[in-house]
């Protein structure tokens, strides 16, 4: 079957989704975001959804390992025989469907996990949302985060705000509880996306982060900004400083 | 002698054990796992056991430096003249013999050493095993760890579990005490392998980690997952959070 | 328009400002100084000011992305159509105008941000300047810092000191408060430059660092020395040690 | 003049001292050992002493930047015109003269500096030597350290021990106080070398480390092992654990 479908993942263009997913996985491995086969990434290109496989060494990924799904029919147009599709697939689809995202990244970053553990312990918490939302404000890097993940998300309360957060805005990232099987996160993740229209990401307790953007560049730079903020938050906590 | 045996370590295939050991040592050096000539790695290919030498700079290793042993006779088929075989050799053999492993990695990772020191101090401990086992649970990365190191280990208590640990399983890695000479760890390491049929690794107090897998990919990705979990455990401890 | 002005950014010389800005951005990305499109860099070459654009992935920057401004007229000689000039531009110009700098770097380094947060908390402070100046002394790396950023700055109090700080000198870096919009930092940054003639840099609370030098090499090595000192200061604070 | 002396630093062999110093400086820059032009390295090859220059960006060093001194006459055989010889030169010469070293490395590693600060604070100390010696024992990586730095140093108390430290030996590295000018460290460094015949290194308070070996490989791997032990010591101290 792959013989018929290799055209989907063959291109000399380094920005073709099949090539781009591989070069990003190599980079993310260097950041510790996808160590031990954890984490993943997906790019939506028109009606084709490109997906990294499950359980592979991310720094060795090649275009031939990439799955391709038809966004409308949800059927795989290309399935590498010896590999399994990522268990994150339904979660990536949620960002495409509900946010109009063009790319989605999942990391196991330790900073993300530690932030969820600190919240769980109650040592830092939000006055109304307790351990279920990560908040920061008045840190310049927050300006790297767009409203809704794409900067064009309609806000629930009638009005509409566009673009990125400002220095005096409070960034709020919802935290959902982990489940035994990754695909079972779909319902709570979709619920969080619905309840937090300004968020560009969802934290999963004791697990990691899902973050999206209108395209790969935005998903990646938002992932970098969030990871920076999570690390800063952990260091602040060690130094006895409050996040908000 | 090497003239006759160079064929054992000469191949254009980057995945040939002699080449693969070298490229992995270069990578592990970057992770701080084999700094200052510490640590080591071995690959078993059919009845040939490939071994990195002792006391060399791991980031400069070349195929000509590799030892090859016959697994059945335990005799060296290839011995580079100016080098000594790794003192870890009997420990690697234990994983091959008792677990059917296909690759084994030894690191001096600081996170592994720190975890054994925290346990020794009594500041974190297991209710029944005290300072002699490292436990974690309900962290997603635990799912990167296979039962018994290969996923097909027979469990002592009659039944049989296959595959990887789940999110709600407790990962338990035994800790043995260090000895003056590395080869003297053989008996306690074999005892730990016998007593902990589900473990994929053994921690050595104030020293480092031994981890194996059915093949190189599994040994390496399990080593990555464990190192991630050890680092997370140290950071959790700094933040006042319990491991279990 | 760019067709006419590409000559300004086209050179086979790796030290040409357009090429040099790109290679430095790639390096600084690796240090975590310009993650998530944050931070920036500028080089002044005779009367041409070269500027990295705003909001781009710094590790992917190419010469075609570079803005060029005439230092005397403050008019852009080259403006890439799809990009915006850096919001730091007025801040870089301040270092060129008031210090005779030849290069200026802006980082979002977490160590810089953490130092400003520790000062804000009052846990470390200067006897007379409180939270508004970062001080260190008797650390060898301070000798990597020049007086005034270029080593030839006239000192306000009549006399004149040249060259770099010594081991027994106290390094003092002023801290200004952040603003909602980066360009609004211009007035307080210029005020700080005026009031602290010996400084080579200005810290911006909860934001990052501006540092300059007489040329690129000095700006970069001073940025490295400061980042080293900020990281050391954070680690010292964690260990309960005073900075002065 | 250089025209006549370029033969001293020109070779296609990557292990020729002039090439080797450059490749090691590039590597050490990546480790944070020689950031901001700090630190240095020297190799002795027969009666020629090769020295990195002062105040240059270590990751950009080229063979043409290297100084060469005659070990017997202490005269420079090659002096790059625009550069200054390293202020560490008399300190490197001390290791060559008093220990028969073949290579010497000087780092500004933060872990080394932090260890000297922790000792200064009295929070960790040696029963008889107080803040003036760094001690560790029963950590496997100590076995990477040779007696006297070369493994063949005659020990003051009559007897003679060869080779590397064992797991149950106590590693003791003397700490000397910093001075305003690096060359003024010569006397106290020579005194420390004389008083501590088993040491392979001298720590300089609030400054960094000098470490040597019989050749480059030994100096470098000992520097790696020490840096590993200093980092481990800082982490142990954060966790409330004693070094001895």
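The first chain written gets the first letter, and so on, giving A, B, C and D; residue counts start at 1 in each chain.
Quick note on the criterion: contacts are C-beta pairs under 8 Å (C-beta built on N, C-alpha and C of every residue); 3 or more make two chains touch, one makes a residue touch a chain.
Given the structure is predicted, the values throughout are model-derived calculations rather than measurements.
Listed here as common contacts of chain B and chain C: A, D.
Note on connectivity: the fewest chain-to-chain touch steps from chain A to chain D number 2. The angle needed to superpose chain A on chain B by their Cα atoms is 90 degrees, rounded to the nearest 5.
Centroid distances built from C-alpha atoms place A farthest away from chain D. Counting the residue numbers used at the interface between chain A and chain C, under half appear in both copies, so the two copies meet with largely different residues.
Inter-chain centre distance (chain C to chain D, centres taken as mean C-alpha positions): 32 Å. Among the residues of chain A, those touching two or more other chains are numbered 238.
You'll find the chains touch as A-B, A-C, B-D, C-D. The touching residues of chain A, counted against chain C in their complex, run 138-141, 144, 166-168, 217, 220-222, 224-225, 227-228, 231-232, 235-236, 238-241.
The touching residues of chain C, when paired with chain A in their complex, are 32, 35-38, 57, 108, 110, 113-114, 117-118, 121, 123, 178-180, 204, 206-208, 234, 237-238.
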